[in-house]
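The letters A, B, C, D, E and F name the chains in turn, as written, and every chain counts its residues from 1.
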Amino acid sequence: AYSTKDESAARPVGRYPVPNKKDMPYDIVELMEEVEMKTGFLPNVFKAMSHRPAEFRAFFAYYNAIMNKDTGRLSKADKELIIVATSVVNRCPYCVVAHGALHRIYSKQPALADQVIVNWKLADLSDRDLAMLEFALAVCRADNITEEHFQKLERHGFDREDAWDIGMISAFFAMSNRIAHYIDLRPNKEFYTMGRMP
Amino acid sequence: AYSTKDESAARPVGRYPVPNKKDMPYDIVELMEEVEMKTGFLPNVFKAMSHRPAEFRAFFAYYNAIMNKDTGRLSKADKELIIVATSVVNRCPYCVVAHGALHRIYSKQPALADQVIVNWKLADLSDRDLAMLEFALAVCRADNITEEHFQKLERHGFDREDAWDIGMISAFFAMSNRIAHYIDLRPNKEFYTMGRMP
Amino acid sequence: AYSTKDESAARPVGRYPVPNKKDMPYDIVELMEEVEMKTGFLPNVFKAMSHRPAEFRAFFAYYNAIMNKDTGRLSKADKELIIVATSVVNRCPYCVVAHGALHRIYSKQPALADQVIVNWKLADLSDRDLAMLEFALAVCRADNITEEHFQKLERHGFDREDAWDIGMISAFFAMSNRIAHYIDLRPNKEFYTMGRMP
Amino acid sequence: AYSTKDESAARPVGRYPVPNKKDMPYDIVELMEEVEMKTGFLPNVFKAMSHRPAEFRAFFAYYNAIMNKDTGRLSKADKELIIVATSVVNRCPYCVVAHGALHRIYSKQPALADQVIVNWKLADLSDRDLAMLEFALAVCRADNITEEHFQKLERHGFDREDAWDIGMISAFFAMSNRIAHYIDLRPNKEFYTMGRMP
Amino acid sequence: AYSTKDESAARPVGRYPVPNKKDMPYDIVELMEEVEMKTGFLPNVFKAMSHRPAEFRAFFAYYNAIMNKDTGRLSKADKELIIVATSVVNRCPYCVVAHGALHRIYSKQPALADQVIVNWKLADLSDRDLAMLEFALAVCRADNITEEHFQKLERHGFDREDAWDIGMISAFFAMSNRIAHYIDLRPNKEFYTMGRMP
Amino acid sequence: AYSTKDESAARPVGRYPVPNKKDMPYDIVELMEEVEMKTGFLPNVFKAMSHRPAEFRAFFAYYNAIMNKDTGRLSKADKELIIVATSVVNRCPYCVVAHGALHRIYSKQPALADQVIVNWKLADLSDRDLAMLEFALAVCRADNITEEHFQKLERHGFDREDAWDIGMISAFFAMSNRIAHYIDLRPNKEFYTMGRMP
């Protein structure tokens, strides 16, 4: 590992070595197997992060706390749309491709993520979704966030707890995009075609 | 709470309400008391994040995994310098002021953080420290990270595990800076003067 | 027409009215029917441009002169890749989606255009293709083009006639992207899924 | 040719070779002679484009369709002003100098183009002309063009057909500026002084 | 001199040689001694500028005309705040550190300059002070200054003579910041700690 | 005055009132008359600055110290070229037009300033002049100025005293451009045509 050159048959998931399963802590193996069962394959982010077990645990605990919480007005498709729109700004191949796929699955709209990737303001989005992305992108750019930002969200039915959720997902993926860049994390092939056909 | 207008005697720590200690989960209270004991006061980030206990736990577990690990070549002062240099890019009042103070404490150099805040390339830094900040800032800007980036670090004695450490701190604070913006998190007064006098 | 609001069942192809076939000049109808026959549907750019017959003729004569010429080292897939990479810079929904589809068809690589859309420098491209896109993007940004640009191309086997071809395609789509923006031209649905499956 | 170094007595018109008249197709020679007769000299763009006869024909057919049409509210001076204002953004020596000269000729205002070149918003322009340039520059930057853009034009008497005309000229010169950059096209000396004296 | 490398015990004040006092014109020595008496040490800008006596005289005469005039609504602290906020934009170590210190002295607010350095819009400033800095920063960026800029100032009690004062200080330090960059002017150590403690 | 609206027959020289000659201090009247005698008309900057006599004196003393000094390798034409190239960056109508005219007069090259205004890197300049402008523009942008900047100048025959001269002119006009913006200073009509004809 530590290299991105051997892009042969088995392109590595990134720049850092991935330990053998038998050398991984049990809780990490367990989580990986659960995800692989559910998804049908193991997304590369799990392999790449297993290089650092303590950070693996913190990363996925955080991910779980914000992506799998039951409260708030954000649907699973909303959350994936936020990730796609903000990860495009950071030109992150893994996050755009993987979460574009998840958006297609959850939203059942096969073209919307592709539209958002090119030009979110011209995508076929409701005013509510545009307001959601506008807030997410302001956080993504590390803009000063003012009362007007919150009021604009409120006009589209998002309260301040929803604002926190939108902001936190944008902030978490500001981190993830940057980790993916230095790890040189690349998407699994499966993501490119998932959810494209009705 | 939810407001930044009542900046009276007791300026709130941010835009979201902070629960009363008696309503907080016990593990959060315990961590807060430990930090307050050690620091002499409770940094506002603990108060602000307690609004969301699950995210509080994930955030500080992550912080702990990267800031308090024993391995690698980054000193405590190095880590704080990375935080200062990258948080300035995102114009984050809390992170620049609080971690500028921590840098003064750990480095015993009372003027260096102030120099880095204005213009890191002109600060009185060694070539090693400049290389460290250059990598951290490339991650901060979400640049594509190439083999050249790693080789440049290696010329100054940082191996790829150190590169991960630098990158992860930069990435984690890319997240923290953005959270601080939507929370409107402000530094405790104590930070402004800590470590200024020899 | 003149509106983008009625996005009902039959979303208009753009902001300007499209004449009825019976009111169109015969040569335009003829070209449209030929294209529809070949492609299986009529790409929206033909409908939108028919609003101005003289400009329709000039636009497609120009397109034909540069895209369907037999000389030079650019394959059909190369040309589509240039269009995708430069149209992303201008955030042009029509050109990115339509020419991404054409790239998948000509290159038989179903994921490459998606990679270029997110981050061309990290896409699975040969050094030759990277050099080709680097020149195309310099023209796209209206950079000063110097001898070094040409020499870099030459090192990857492109002579100065190829450079003209790359530059002209980039320049022509600099125009097309901007026309698409004021027309509010949107891609036909068929483009999103074309060429995705092997 | 292929070089910009021999800037001796007879600086070449650009980086690509210009064929001898006797080797040029007859229609191209004919157009050149007509232009030279009318203008008093042959603008370099004709020489440079003759390197590619098919593209020469398409380029000037397009130019003719948009610059010499009789309909719409744009005067000849308006069109030249749009070209000057947008070509400055792309720092195109040929287009700024040549069309600055044509603007002086058509408008009979010897200083206005020079003002627009430095700072169009501070130039001695009517509100109508400022609105025209604002739209042209939005197209030039490849901004998303919204209903507000059209409404702003309407408030100054431009309908949507005029908007198309403004947008198309801006888009066509977005192409021309980029061609001029890779050709290294330079203005004929005559243009610098044309129309400066009343 | 002419070097920034010998950063030993006695770091030079900049890149250019400083003449010995005995070789300086008498009026320059006199001004230096007066300043040193008043401040307790001689700020490096006096040493650095003495390399060019005629420019020294013009620079400090100008400085004196705008910083020490008695008319207008700008307090000494206001003027220093303008210098801090604009010099941060130009990343000027000398001006930010020296005038941050002077601001602390005049305003008796030990934290405000530090806040403005990180993010002036989030600093604990009155609406009046925000309006003052907004105008100063528009001048700093060389924005076109319109009637709206003046009217905004008027709503906060600044008339057009005050606008001139704000603009002139911003413009003068646009010059000073750039001189400091090519001279490599660095702040005296004393400035870092001045005025920090109540 | 205080207005830019009455652009009638006698467009004011700027936004601030110009005192009557009889109310001006004698030394200012004297300087104005001397300049008017020499130039044939009174450049508007003299009128505009007379609104503030103390600043008038400091401004022109400074201007004189750097523009009319006898030492160094910069010719009068060199100095005007620096002013033109840097004032274009700040889009300053007065400085570009007035100093473009002075450059034509001193250099006897009627087209060169116009070329520099559009694209200095493509202008017909010697390598020496390009190096001079490159340094001036680095200062103009408030870049960090490093040893490499000085060494590059040295390779073209400029020593460090010349570097100071180039830097100081660039810095002084960084100030002048910004003053011109808030004063809304406009060029005298005479400047547009001066020196255009051989």
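By our rule, a residue touches a chain if its C-beta (ideal position, glycine included) is under 8 Å from a C-beta of that chain, and two chains touch if they have at least 3 such contacts.
Chain labels with UniProt names: A, B, C, D, E, F = Carboxymuconolactone decarboxylase-like domain-containing protein.
These numbers come from a predicted model, not from an experiment.
Peer 1: Which chains are in contact with both chain B and chain C?
Peer 2: A, F
Peer 1: Does A-D or C-D have the larger number of C-beta pairs in contact?
Peer 2: C-D
Peer 1: Measuring centre to centre with C-alpha atoms, which chain is farthest from chain D?
Peer 2: B
Peer 1: Go ahead and note the Å separation of the Cα centroids belonging to chain E and chain F.
Peer 2: Between these chains, centre-to-centre, one finds 23 Å.
Peer 1: Cα centroid separation between chain B and chain E, in whole Å?
Peer 2: 30
Peer 1: Based only on mean CA positions, could you tell me how far chain C sits from chain E in angstrom?
Peer 2: 53
Peer 1: Which residue numbers or ranges of chain E touch two or more of the other chains?
Peer 2: Within chain E, residues 91-92, 119, 122, 144, 184 contact more than one other chain.
Peer 1: What's the complete list of touching chain pairs for this entry?
Peer 2: After working through each pair, the chains in contact turn out to be A-B, A-C, A-D, A-E, B-C, B-E, B-F, C-D, C-F, D-E, D-F, E-F.
Peer 1: In their complex, what parts of chain E are in touch with chain A?
Peer 2: Result: residues 119, 121-122 of chain E touch chain A.
Peer 1: Using the touch definition up top, name the residues of chain A that touch chain C in the complex.
Peer 2: The touching residues are 7, 88, 91-93, 96-97, 110-111, 114-115, 117-119, 122-124, 184, 186, 189, 192-193, 196-197.
Peer 1: If you look only at chain B, which of its residues touch chain C in the complex?
Peer 2: Those residues of chain B that touch chain C are 144.
Peer 1: Enumerate the contact residues on chain B facing chain A in the complex.
Peer 2: Its residues touching chain A are 2-4, 15-16, 51-52, 54-55, 57-59, 61-62, 65-66, 69, 89-92, 139-140, 142-145, 147, 149-150, 160, 163-164, 167-168, 170-172, 174-179, 181-184.
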